[in-house]
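Down below is the structure, laid out as C-alpha cells.
Naming follows writing order (A, B, C, D, E and F), and every chain is counted from residue 1.
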Amino acid sequence: MSAHDLIPLSPLLYLPLVHTALAEDLGAAGDITSDSIIPDTTMVRVTLASRQAGCLAGIDIAEAVFKQVDARLQVEKFCKDGAALCPGDTIAIISGPARAALTAERTALNFLGHLSGIASATARMVAATEGHKARICCTRKTIPGMRALQKYAVRAGGGANHRFGLDDAVLIKDNHIGVAGGVRTAIARARAHAGHMVKIEVEVDTLAQLEEALLEKPDIILLDNMSNDMLRDAVRINNGRAILEASGNVNLDTVAGIAATGVDLISVGALTHSSACLDLGLDFDWAG
Amino acid sequence: MSAHDLIPLSPLLYLPLVHTALAEDLGAAGDITSDSIIPDTTMVRVTLASRQAGCLAGIDIAEAVFKQVDARLQVEKFCKDGAALCPGDTIAIISGPARAALTAERTALNFLGHLSGIASATARMVAATEGHKARICCTRKTIPGMRALQKYAVRAGGGANHRFGLDDAVLIKDNHIGVAGGVRTAIARARAHAGHMVKIEVEVDTLAQLEEALLEKPDIILLDNMSNDMLRDAVRINNGRAILEASGNVNLDTVAGIAATGVDLISVGALTHSSACLDLGLDFDWAG
Amino acid sequence: MSAHDLIPLSPLLYLPLVHTALAEDLGAAGDITSDSIIPDTTMVRVTLASRQAGCLAGIDIAEAVFKQVDARLQVEKFCKDGAALCPGDTIAIISGPARAALTAERTALNFLGHLSGIASATARMVAATEGHKARICCTRKTIPGMRALQKYAVRAGGGANHRFGLDDAVLIKDNHIGVAGGVRTAIARARAHAGHMVKIEVEVDTLAQLEEALLEKPDIILLDNMSNDMLRDAVRINNGRAILEASGNVNLDTVAGIAATGVDLISVGALTHSSACLDLGLDFDWAG
Amino acid sequence: MSAHDLIPLSPLLYLPLVHTALAEDLGAAGDITSDSIIPDTTMVRVTLASRQAGCLAGIDIAEAVFKQVDARLQVEKFCKDGAALCPGDTIAIISGPARAALTAERTALNFLGHLSGIASATARMVAATEGHKARICCTRKTIPGMRALQKYAVRAGGGANHRFGLDDAVLIKDNHIGVAGGVRTAIARARAHAGHMVKIEVEVDTLAQLEEALLEKPDIILLDNMSNDMLRDAVRINNGRAILEASGNVNLDTVAGIAATGVDLISVGALTHSSACLDLGLDFDWAG
Amino acid sequence: MSAHDLIPLSPLLYLPLVHTALAEDLGAAGDITSDSIIPDTTMVRVTLASRQAGCLAGIDIAEAVFKQVDARLQVEKFCKDGAALCPGDTIAIISGPARAALTAERTALNFLGHLSGIASATARMVAATEGHKARICCTRKTIPGMRALQKYAVRAGGGANHRFGLDDAVLIKDNHIGVAGGVRTAIARARAHAGHMVKIEVEVDTLAQLEEALLEKPDIILLDNMSNDMLRDAVRINNGRAILEASGNVNLDTVAGIAATGVDLISVGALTHSSACLDLGLDFDWAG
Amino acid sequence: MSAHDLIPLSPLLYLPLVHTALAEDLGAAGDITSDSIIPDTTMVRVTLASRQAGCLAGIDIAEAVFKQVDARLQVEKFCKDGAALCPGDTIAIISGPARAALTAERTALNFLGHLSGIASATARMVAATEGHKARICCTRKTIPGMRALQKYAVRAGGGANHRFGLDDAVLIKDNHIGVAGGVRTAIARARAHAGHMVKIEVEVDTLAQLEEALLEKPDIILLDNMSNDMLRDAVRINNGRAILEASGNVNLDTVAGIAATGVDLISVGALTHSSACLDLGLDFDWAG
C-alpha cells in the first residue's frame, strides 16, 4: 500500500445521492421513451469510453447507478478511479437489459463526467507542480449536495483535501481577525473553544501578520493573494514551523511558479466550483 | 407581464436543497471558527457584489440560506435574478448578527456563484445569437441533485428549458431508433404508449432520416452534429412543420453561425455541466 | 411490442412508498399478533385470488411488500397487471414463513385492491367506449402521495394519462383566462414562458371560445361541461386541428354518448379520486 | 367538552404529508401555467363551497396547503371539521396572491375532498344507526400513506377508530387460530407476549368459537360475517362480557339491521378504501 | 413456543436507525484511519465477547451494522438476544475484510452495549422479583429516536412494555385529573373520545382516589409513589378488578418489597433513561 | 468572551432530531389522553425545576420541543446551558395552552434530562480534576443518533470533545498498528493519505511504543490503560512534544490521580454511554 493509492469511497457515502439523482431523472413516470420503444427482452452491450484525455473518478458510482436501475446489468470495469485516460480508452463495458441501460445512461454519465472533470483538472495541476513538494488541494467552494463526492474526485486526481465543512477544522479569516482585534486573540479564542482534535489554520495577508500568527503556533497558515516573492519570504520566515498554504490567482499558468516558492499546499477553489465535465461516450453494441 | 419576465422559483422547490447544503457544511459541530471567535452580540453589514460581468441567478436562494441560519439576518436585494451584472455592482446588503452571517456566507455563495455562472454562460450564448429566432436551451446533462435549480438558472440567463427528466417528454435517440428498426416505428411506438400530454422529439443524423421522421409528425426534431449547410437544408425541408433543435459542437464561436441557419433551438449541455462559477465577493463592514 | 402492452413501473418509483406503507402499519412494535402466536418456523402457502370481476394493477408492488417483510417469501404470479380478472381467478401464490406472510398481507392488499379498483373502473369506461377513438384519461384529482401509482393503474386499465403535475404541461383554465383578459393572451403568455417541450392545453366553455382558442394553435383543447351536441359542433369546428378532450358529467351511463361525438379524450377525475377498491382475498393453506 | 367534540389533529401529524403532496404536484418546475399567466401582483378572493351534502374533514389541512404555498394567503374558515354540509354551504374564503391560490387549489381540494368523502360516508352510516348503541368504526384497509388522516376523517364523521396498525392492539384472526390450534391457545399466547397496555381482540365465525373465546376473556370479539340472527345470539351469549364488533356485508341498507342486534361496534372497511370524494368547488372572485 | 420466548424485532424497525448511526459516524469522508492503514485485502476474524455479566440485546442489529458496511462480513452468532451472559462469553465471531470490520466496530458496539445495558438492568430487576407475579415494565422516559429499540431491550431482559407513545393507550395523570375536576370525569372523557381499542390507565396518589377510580372501571391503575403498606391496601381494595401498576422509588433494593405487595406491574423509568452500557469487547485475530 | 463561555448549538443541528422525537411520541393519533380530557382553551403555567444538583444542558432544545408542539407556548428561561443547578432551582417557566404543554412535556424532559445527565457527569469529573491542566473529554461511544447533542452536553459540563466521527481525525489503535506492522508505518500511512487538515492520534500501550511513536510526531498520543506511574513516565518522556490523552479505568475515584500525572486530556466513554438522567420536574400551576 503506497502513499499514492486512492482509497475507494464507501458506498454508504454515495448511495443516497445515487437515489436522489435517479429520482430526479425518473420523475413520476420513469423513462417513457425507452419504456415505449425498447422491448423488455432486448439485451445490449455498451462500451463506456473516454473521448478526452483526463483522469477517471466515479466509476463505482456509475456502476451503482446501473445496478440500482436494474440489478441484472453487469458492469465490467477496465479502469480504476485515479487512472489516467487517453481519448478512446475503454473504461467499462455494461451488459444486460437494453431498456435499463438506456434509462441509467445519463445519470451515470452525469456523475462520472462531473467527477472525472474535477479529477482531471486536479491532475493537470498536480502534473504542473511535479518536482515540488506543494500539494494541490480543494476548498469548501463546492456545489451544494456534492461536497463529499467532489472532494473524493480531488483525491482521485492526486490532490489533497482541505476541511470538509465548518465543523472539522478551524480556519480563521480576515473577518474573524477583524472582530477579534488581532491574529493572536483570534487564534487564542479558537484554541480555547475548539477541541484538541481539530487543527487551526489562520489566513494572513502580510508578512507582519504571518510573524504575529506564528507566535500562536497555528497548525497551518494560509497565505492569501501574495506575490511569489512574498510567498518565498513567508517560507523563509516560517522556517518549517507551520504548514503553509497559498491561495489566490492559481491557474495552470501560475501554479508552477507558486509551487516553486516552497509552500506546502496550494488551494484552488476552481477545482470544485468551475471544472468542466470530462467528455465520455457510451457506444451501444446491439449485436453484443 | 412581458415574455422576458423571469418567473421566481417557488421556495418549495429550493428550501429542501438549502437544508441539505447547510447540513453538509455545518456537520455535527457547526461553525467552530465563528462560534469561537465572534461574540454573539457583534452585528455586521455585508455587501454582496459582483467581481465579474455576468447574469445573476439564485439571489432568493442565497437569501434563504442567510435566513435559515438566523432569521434575524436582513437581506436587502438590489438586483433580481436575470439582471446583467457589471464588475463592482452591489447585489445585496446583508445586516444582522455577524456570527450567523459568517456561517452562512460560503453556502450562500456556493449557490449564487454556481447558478449565476450558468445564467451568465447562457446570457453570453443568447447575446451571441441576437437577431436570430433560435433560442438557447439546456439538456439533462446536469449535476446530480441540482437539476431544477440549474434549469432555473438557464431561464434566468434568457435561455429555454429542454425536458426536466426522462418522464416529461419523449426524446428518441439513435439507440432507440436502432432497436425499433427505424425512425417511423420508433415514433409510432412512443405515440402509442406515451400520453397525449407529452411532446415527442426525435433525433436524426441525416437529411434522409429527417424526411422519414417528418412523415410521423413529431413535435420536435433534434438535428445532431450537422454542419451548418446541412442545418440550412433541414430548415428548408422541414418548412415549418416540426420545431427544429440543433445540437453538437456549440460554443461561443459557432453558435451565431448555427443560429443563422434558421433552426428554432440550439441545445448546449455545457451550460449546466461545465459552466464556471461567477466570481462574487462579500465585503464586511464592521462599523455598519 | 404492441400499442396495448402495459409497461411495468420501475421499482425505483414504488419502493419508497412500500417502505412508507410498511412503516405506517408496523409502527414501533411490529405485528404483535402474529409475532406472539405464529412460530418462526411455520411455513404457509397463500393463494391470492380475485373475488370480483375487474382489472389487475399493482401485483409487482404487492410482491415487493412481501419481499420487503421477508426476502424468503416467494411470490409466484399468474397474472400480469392489466389482466382482466374473473371472480375466483388465482392471481398469485405466496409461499414461505407464515409470520411474515401475515404481517405483509394487509399492506399488500391495500396497494393491490386500491390500484386494481382504479384499473377496473378505467377498464369499464374503456369497454363502454369501444369502437370509438376516444381514450379515457385521468386528472390531477388524486390521493396525496399516490399519484404516480394511481396514474399507472389508469394505464393498466387501458386508459391514458393526463399531465402528472403542475410542471409537465400547461393547462389554462377559466381563471387563468379571466386574469389574462382572454383566451388568446393567456395562450400567448404561456407559450412565451413555458418551454418548447411542454404541451399547451386550454379549457373552453363555449364554441366562441373554442374558435378564439384555435387561432393560437394550442396542442389540446379541453371542452368543459358541454352537451353532446356542443361537443359534436366542437369536433366539426376543430376539424382535426387540436386534440379535443371532453370533461364533466362523465360516468358509465354517459361516456359512450360522449365518445360518439368524436372527441379524442374523455377525462374522468373519479377514476383516481373515487374508485372503490377491488375485492381480493387471500386463502391460507397450512398443509401447503 | 362533550363526547361529541371532534379533537383537532396536531399539525405535526399532517404537515409532512402536505409537503409530500405539494412536492408531487409541483415537480421540478412548479406551476408553469399560473406562473406564466398570472401576474405576481394579482390578488384574488376565493370561496370554497360544498356542492354536495356531506360532512367536512380536513379544513385545517387544506388551510396548511395554502399557507405552505404562500404564507400571505389568508384562510377564513366558516365550518369546522365534523360539520354537516349542505350543497352551496360556504366552507372558507381564501384571500391573497392569485398565483399562489391557483397553485395550491388542487392539492388542497385533493385532501379536503378525499377526507370529507370518508367523513360523509361515515356520517351516513352513523345516521343510519341512530338510536342504537352500535358505533361505526374503520379498519386497517386504508390507502398507503394516508392512514392517520383517513382515521381522523372517520372520527370527523362521528365514527370510531379501530387499531391504527399491527402494533397497537392484538387482533387474532382465523389464520392465527388455525396455526395456534384453537382460539384459547391463540389468546393465551397473545396475552403472554403482548404488553398489558394493548387490548386483545379475537375474530370468531361461529357461536361455539364465541363461547370458547369468552373463556379467555378477550377485550373485544369480532363476529365476522354472521347473520343478524347469529349476531343476536352472540349478544345474548356474551351477556356484556366482551365488547362485540360485527363485520362483513355492511352497507347503508344492512347497517341498521346489524345495529339492531345489539352489537357494540360495526366495522366497515369501505369507509377508508372505497369512499367517493366529496364534491367541493372553488369560486374565484377577481373583483374581491 | 412458550411465553418466555423473545420475539425478534423486524429489520424494518431497526434498519433506518442503522443507516442513521453509520451516517453519523462516517461523515463525509468515512473511516480515514482504517482506509489509510488497512489494505483492502486484509482479512480478519473478530471475536465479540462479554466482559461483564448481563443480558444480551441487539445482536441482530449489530450484525446488520457489519453487513451494511460490507456485505462480505460474516457474522456467526453464538447467543440470542435475551441470553444471560457471563464475563468472557463469546457472543459472535465476525469474519471478513478487516477494513470494514474496523469501520463498523464502534457503531455495532454502540447499539449492542446500550441495548444490552438496558436488558441487563431489566433482568436484574426481574431476578430480584422472582417468585412474585409482578412484572417489571418500562416507561416513555426514553432517549430520543431510540424508543422502539429500547423497549425491545426491555423485553429481551424479561420485562414488559408500557405504552409506546402518546397515541396507543390513555394514561391519565394528576394534571389531567386536576383539569377535568376529578378522576371520574377524566376517565369518562377519555372513554368517550378514545377508541375502544385502546386501554385506559389512571394514576392515583391516594386510596380514596383509587376507590373513586375503580367506579369507572379503568383497565389499569397506576399507584404512584405509595408506601408498600399503601400498595398492599390498594391490592386488597382493588380485589382483582383493575391491573395495578406501582411506580416511584423503584430500585434493586426496593423492588422485591414492592413486588411482595401483590401489584401486577412495577414500572421503572431508569431502565431506559439511565442504564449503563454493558461492557463488551472485540478481539481481533489476524491469523484467522 | 472568555474561554469558559459555552457556545449555543445552532438550531439547524437539533431541529431534525426534535421532529424525530415528537414523531416517535405522537405516533399516528397524537396525545389521545390530553386531547380527550383537556379543553382547547385551558391555559397553564408550568415550572420546570431541578430535583437534583447537576449541570444544565439542552434548555434550548427543550424550548424547541414546546414551540414545535404549539408556537403559542412561551418559554421563559432562567438558566443557560452549563449552569450549575441545585435541587429546587427553577430552570424555566412555560406558559400557554395546557393541552400542548402536556403533549410536549415528556419529549422535552427526555432531551433535557439525558443531556443534563451527561453535562452533570462531566462537570463532576471536571470538578474532581480542578487545579490540574487535564481536560475531561468524551469518545465515540455514544448512543446512535444522539452524538452531536451528547458532545454538546459534554461541552456544557465543561468537558472537551474528542473527534466527532471516523472522518474528522485519525485515531490509530492497536489493531491498525498490528496490521501495519508497527506504530511508525501506521502513522506514516495515515499521514500520507489523510489530509493536512486532520490531526493524527495514536494509541500506545507501552512506553517503548510511546518513544517509537514520538519519532513520527503525531499530534496526540493516547495512553491506554496505563498505571499512574506509567503515565507520569510518559509525560516525562514526551516532554511537551505531543498532546497526551489518558484513557481506561477512569471514574470519580481515579480521575484526580490520573490528572495529577500531568496528562493533557482524560477521555471517558461513560460520559456519553452510561450517564444517568438528571432528575427534573415539571410543576403545573392551573391558577397561573
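Here, a residue touches a chain if its C-beta (ideal position, glycine included) is under 8 Å from a C-beta of that chain, and two chains touch if they have at least 3 such contacts.
Quick caveat, the model's predicted, so the values are computed rather than measured.
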Checklist entry - In this assembly, which chains make contact with chain E and also with chain F? => result A, B, C, D
Checklist entry - Copies chain A and chain E touch; is their interface built from the same residue numbers (over half shared) or different ones? => result different
Next on the checklist: Between the options B-D, E-F or A-B, which interface matches A-C on more than half of its contact pairs by residue number?
Outcome noted: B-D
Checklist entry - At what distance in angstrom does the C-alpha mean of chain F lie from that of chain D? => result 44
Next on the checklist: For chain A versus chain F, what separation do you get between their C-alpha means, in angstrom?
Outcome noted: 33
Item to check | Residues of chain E touching at least two other chains | outcome: 1, 7, 24, 26-31, 35-36, 39, 103, 147-148, 161, 164-165, 167-168, 189, 192-193, 198
Checklist entry - Should the pattern of chain-chain touching be classed as line, ring, star, complete or other? => result complete
Checklist outcome for this item: Per the touch rule, the chain B residues reaching chain C in their complex are 1-3, 5, 7, 135, 137, 160-164, 167-169, 189, 192-193, 195-199, 201, 219-220, 243, 245, 264-265
Checklist entry - Considering the complex alone, what residue numbers of chain D touch chain A? => result 24, 27-28
Next on the checklist: For the complex, give me every residue of chain D touching chain B.
Outcome noted: 19, 22-23, 26-31, 35-36, 39-40, 68-69, 103
Next on the checklist: Under the definition above, what is the set of chain A residues touching chain B in their complex?
Outcome noted: 17, 20-21, 24-39, 42, 98, 102-103, 106-107, 109-111, 113-114, 117, 140-148, 164-168, 170-173, 175-176, 178-180, 186, 189-190, 192-194, 198, 269-270, 273-277, 284, 286
Checklist outcome for this item: chain F partner, complex, touching residues on chain D are 1, 7-10, 12-13, 147-148, 151, 161, 164-165, 168
